[in-house]
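Labels run A, B, C, D and E following the written order; every chain starts at residue 1.
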Amino acid sequence: MTQTAAKPGPKTVIEARGITKRFQGLVSVNAVSFSIAEDEILGVIGPNGAGKTTMVNMLSGTYTPNEGEILFEGTRINEVPTFRRAHMGIARTFQVMKPFPGMTALENVTVGALFGRDGGEKSMPAARERAREWLEFTGLGHRIDNPADSLGGPDRKRLEFAKALAMGPRLLLLDEVMAGLNPVEVDEVVDLIKKMRGKGIAMLVIEHVVKAIRSLSDRVMVLHHGEKIADGDPTAVLADPRVIEAYLGKRRT
Amino acid sequence: MKKQIGLAGIAALVAASLLAPAAQAEDVITLGASVQLTGTNANTGRYYKDAYQLAIDKINAAGGVKVGDKTYQLKLDVLDNQSDVNLSVRQYVQLISADKVNFLLGPFASNFALSDSSVAEKYQIPMVQGGGAATQIYTRGYKYVFGTLPPADDYYASTIEMMGKMNPAPKSVALVAADDSFDVSVAKGTRKHLADAGMKLAVDETFREGSADFSTILTQVKAANVDAILWTGHETEALNFIRQMKGLNVNPNGLYAFTVGVPTADFRKALGPDANYAYGMTSWLPNPSLKDKWFGDAAQFAAEYKAKFNYSPDYHAASGAADVETFAMALEKAGSLDPKKVRDAIAGISFDSLYANIKYGADGQIVLPQVVVQIQNDKLVPIYTTDFINKAQYPTPAWDKR
Amino acid sequence: MVLAQILLNGILLGGLYGLMALGMALVWGVLNIVNLSHGALIMLGGYVVYYLFTIGGIDPFVALPIAMLVMFAVGFLLQYYLLNLVVRSKMLNTLLITFGLDVVLTYLAQLTFSADFRTINPPYAGANFALFGLTVPSVRLAAFVVAIVLAAALWFLLHRMALGRAIRATAQNLVAARLYGVNPSVLYAVTFGIGTALAGAAGGLYGMIANLTPYIGASLTAKSFVIAIIGGLSNPFYVIFGGIFVGIAESLTALYIGPTYSDVISFGLLVVVLVLRPNRTLRTS
Amino acid sequence: MNRPLLIVSLLVAAGLATLPWLGSDTMIQFGINALLLATLAQSWNILGGFTGYVSFGNSVFYGLGTYGTAIAMTNYNLPFGVGLAIGAVVAMIAALLVGLPILRLRGPYFAIATLGLNGAMMAIFSNLPIAGSNIGLVLPLTRNDAMFYELALGLLVACSLTVLWISRARFGMGLIAVREDEDAAGSMGVNATRYKVAALVMASFFTAIAGGIHAYWSTFVDPASAFDSTLNVRMVISVVFGGPGTVLGPVIGSFILSTVYEVLASQISTAAALLFGVVIVLAVIFMPKGLADILRSRRNLTWRYFIRNIRENRL
Amino acid sequence: MTKDILTIKGLNAGYGAVPVLFDLDLTVREGEIVSMVGSNGAGKTTLLRAISRIIPATGTMTFDGEDLLPLKPEGAFSRGLVQVPEGRQLFGHMTVEENMMMGANRRRDGGVAESFERVYALFPKMKERRRQLAGNMSGGEQQMCAMARALMANPKLLVIDEMSLGLAPVIVDDLLAILTDIRAQGLTVLLVEQDVFAAFSVADRAYVMETGRIVREGPISELANDPAVRDAYLGAEH
């Protein structure tokens, strides 16, 4: 019913083994296991309060799990601090986009290039060059000198992508990057994520725009009340009555 | 580019405010001072401003100062240092280099005198100051600094001498001192004088400058059952100390004495009958026997001062007036406005003033005995200098027996 | 005996310290403003009582409630017309504006009242009585009792009255309080007014124990601040306990180490409390 | 900061360097003061402007610098330069030891802890016999204001160049990332603790040297003036007024405020402090984002700008 | 024909430069329960924040015949527009009773005691817990407390945001039953829900929201089997 093993073949980047997080007695994430391989996109969906963001926070290092293990490329990283995980190659975006407002788009992305995997680029010109490349890649090449706070919704998302990609990640955690976008813009972002495939990055995409998840995920995992209730092929998972009930509620007569 | 315009603007503003030469008439000698007109020391700082002004007005009214063949009027240039030491140092530099004052008068308080006098020394402009008594001011080998307050070390010398002649003479003593430079000097000298007099130092406590609560010290003093309390600090702390003595029912067997506060009218007014029996000291009393070239005598000075400023002068004011008179006398003697010549004249001066006979020691500080005073029936009564002047009310009765 | 007397002194003084901090803690907890002009407001309260006593001839303890009313009005107007303009700004800005306010109030006080020290010295000021061999100064005891009574009154207001409920609700959740009909501009002004009135009461009592000058504010702000942190902002009685704790700590320091070390202890305590237990302090939300 | 602006700034600095030969003694001593305050503001800017951590404890480093220099020169008869170095090293060690626990605190807690630290330091030095207890120390007198002026100017230039470097370097990018969002910065690989402590240590270096210069120049040190929290407030006001996190803002802000303060203190005297208080209150109400923000938005700078500031911050 | 109590036309709102709601129309009539459903991020909570005047908005909003736009939150409240906000937003350090008194904050009609009885009758558990701190209760109890607090204000329109969020199904059923009781007392309710069938089980009419726009509206009987509802959550199958 639920399958935990990744598709055979590509190397596993991240693996969670029964991770649990409690806050003052309330279980936010309960014994969730999964793994993501290189070039794989794992979609994570679930209603509000299902524990999705808590899970990302455990992977990125903001929270330490109460139980279970997180393995990054085979190494246990439960207690590794956030910035060191970034050096190992874990990058994330935030649910609420936070560009550095006084800085231009280029400078924002340069921050990503300067730190990030293996401590990032050490020289400013090289970092700036790398930042420029990622801005081109995400379609912001024409706006590199605009202040970040002058960018509109979809461009901010692109900026957030560029920042994360400039870190040279092995694992990319995308937390609700499509929130607040209209359907056309959602499609643009979906295309962008698809374009990242093939760069050896494992991706975990949290999204409530289920349509988008369906179209871009290799696998979908569903969380409900902190527990994993389904994991597998998107079409199959989304047809699962338990998933539908998690979303729409129980039909009352 | 706007920023540079801004910078230029600032520079212009600074130049306008600081370079503007003070318009000076030919026949005016300006005395400059920065004193505490606001801030924590303002209460005593005003004595100096008022005394300087009164003495200058009086000298001008009498025709001014004759230097060589020329007669000059005196003028006061006074700034408010807001009770901030750093600001006062800057203001003295400003007085010398921008306002082009001829000579310097001092601020109030030893720590100000300590730092401000170094400006005088640096620019080799004589400063006569009547507000700092700490010995540190005079042990640096400075040549241009003179002071009309007697050395802090000896403030309690006459009191201790008097105590030895009391019946019964106090045997054990509590010394309570603030931790600033003046009071530390007083405490240091007092310990020595007590040891010389063979009195036992039963309690020796230092409190933080500005303290408002003395209950712990008072409790220790009470427990030690001392015969005398010798206290040194600032006037407002002295008031708090006496009020809290009464509140905690602390009374020594013999007497309690203060370096400051007791001679002032404010002190008696604030405490009412609770001020009675307190001993104090002053280097000056408005005594008609102190003759003065301009005021006639000290009593007339006090009357004029009171009439003009609506409060009574104390030794701070008299000392300040003597500072101005020092310059008047020295200028006439030097016959020149040259700072070095005037400095030498001050060093060798000797004249009678409303304050005392003014004669500076080799270190620049005056030597004066302190008059022991006591408040008796709401009046200030001089008790002792080198011998008894009036009868002391001794020993002090308990608080509930007054 | 000495120790017992010194503990008693510390406790009695500590009650007054607690009262000084009470208004600051209230304003801090509800409005999230660290009011650096709090000491200046205490000073103003002292002068109000002084003038009511010396010019109006009103007994200082009777003048206390009048001074509290006057100071309430001062605080209300300050918040309503000035501090409400910056209340949503960064904490740094509210710190700076109250610092500026402190300077202005201090120097206005000097211009109005002069730099002379003033004493509120009613005939019974030095009265005392003996109890189990200890000397109890009556005015300090009375000040202590007033501090406890005012803390209790504040507790009653906050926990038993509609206004207090609205104040607490606003402190815990501003948005929800607005959704339930609280007008924050007025509520903030009232709260600041209450805090100022408490400062005024503390100033009146302070003036009966020590001298008033326009410059006592800064050190009283620092003291209130330390106590507010140590006592926490959640309960008036904790603040009084914080004051008593600091009073005892200062007295014992003066006894065993030396009176000049009391500031080392109180500021040291502040830093240690913050570093070790940052969460027990401040807001109750 | 672009190249022409840098060149012009350096030219202005070179122009200022000629002041001892052109200006009056008052100008020089005003200059020393203004330059030292600007250095203090600029050092405060390193932590406060770039990471957003508001410190009221930089006066601790100032005090350690003054006392380090004063103790070395008076008690051990060491030369001025050695005194400065000792003061700076002591201050940097203190910054390191204090920074590690205190920089874990966020926002207001950090500000409050630093305030407490300053109070505690002042009280400790009032009781240290080696530091002259509460009386303080008197340093030997030197009649060489030009030297103090050039030292102060040099220090300000060095500090400003450091800030310029920070604003362009990887290090500064890390600090800014911390200011914008500490959690996000961490997830991007910025070791926030190390960066914050490093910034504090850098600030403590310049602050301590400024303190040492001031000590020798004024020849007198006591706890109240060495650990003066209002001096710290002045640093903060200068930076906030000029524009935090910019290279020239703190310098310009502190020059303007020094001038205002000095003009008030020398011309109006008694009402000076009062007016200074009023200036602070009005500045916080009308321009909470500083001069830099006004310059940035100068194209549409009308009274509406000030009204908008109020609207953003009022209840 | 009953009168409209809340009428919204052409509403636009958002946060700063980011628009969230686009040209939105909505009507609530006196005495009915209207539900607004849609997935996370559709803009439901933003809509409620605009209605209760926490965030700025443009368009027209009329409440009980009065223009809502110029009002502040406290003004909307005192006119009878009462919200049970998302996440309950209780005053956690106050007791249940005190929270309920905050609901009656603006009432001067002397009927507070009676309201207490009526509300306690609806929520007997709250009567048991009235001395407990609201922050220390379970999620379901907190939701009850939040609803009790709102009812104490005698609202003309009760707006409930995500009532079922994070609650076990059996508790949601209890709350729905209570809602039915409340409705029987003639109260008008706008219920914003993620749990579609929970909302549909009590509502008369519903709106379906997707990315800041209304995509369907109508009586429950029409919407219950409308695939658009499912698509709003799970997306259309391609």
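Rule of thumb we're sticking to: a residue touches a chain if its C-beta (ideal position, glycine included) is under 8 Å from a C-beta of that chain, and two chains touch if they have at least 3 such contacts.
Please read these numbers as outputs of a predicted model, since none were measured by experiment.
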Touch-network distance, subunit B to subunit C, counted in steps: 1
Chains in simultaneous contact with subunit A and subunit C: D, E
From subunit D, the most remote chain by mean C-alpha position: E
From subunit A, the most remote chain by mean C-alpha position: B
Distance from subunit D to subunit C - Cα centre to Cα centre, in angstrom: 31
Gap in Å, rounded to a whole number, between the CA centres of subunit D and subunit B: 36
Centroid spacing, where centroids are CA-atom means, of subunit A and subunit D in whole angstrom: 42
Contacts with two or more other chains, residues of subunit D listed in rising order: 126, 134, 273
Shared interface positions of subunit A, touching two or more other chains: none
Contacting chain pairs - touch in the sense defined above: A-D, A-E, B-C, B-D, C-D, C-E
Subunit A - residues contacting subunit D, complex: 60-62, 81-87, 90-92, 94, 98, 100-103, 107, 110-112, 114-117, 119-120, 122, 124, 127, 163, 167
Residue numbers on subunit A that touch subunit E, as the complex places them: 47-49, 149, 152-153, 176, 179-183, 208-215, 225, 235, 238, 244, 247-252
Of all residues in subunit D, those that touch subunit B in their complex: 4-5, 8-9, 12, 23-27, 29-30, 33, 126, 133-136, 138, 141, 143, 218-220, 222, 224-225, 248, 252, 255-256, 259, 262-263, 265-267, 269-270, 272-273, 295, 298
Subunit D residues within the subunit C interface of the complex: 54, 101-102, 104-105, 107-109, 111-113, 115-120, 122-124, 126-127, 134, 233, 236-237, 240, 271, 273-274, 276-281, 284-285, 288, 310, 312-315
Touching residues (chain side subunit C, partner subunit E) in the complex: 162, 165-166, 168-169, 172-173, 175-184, 234, 284-285
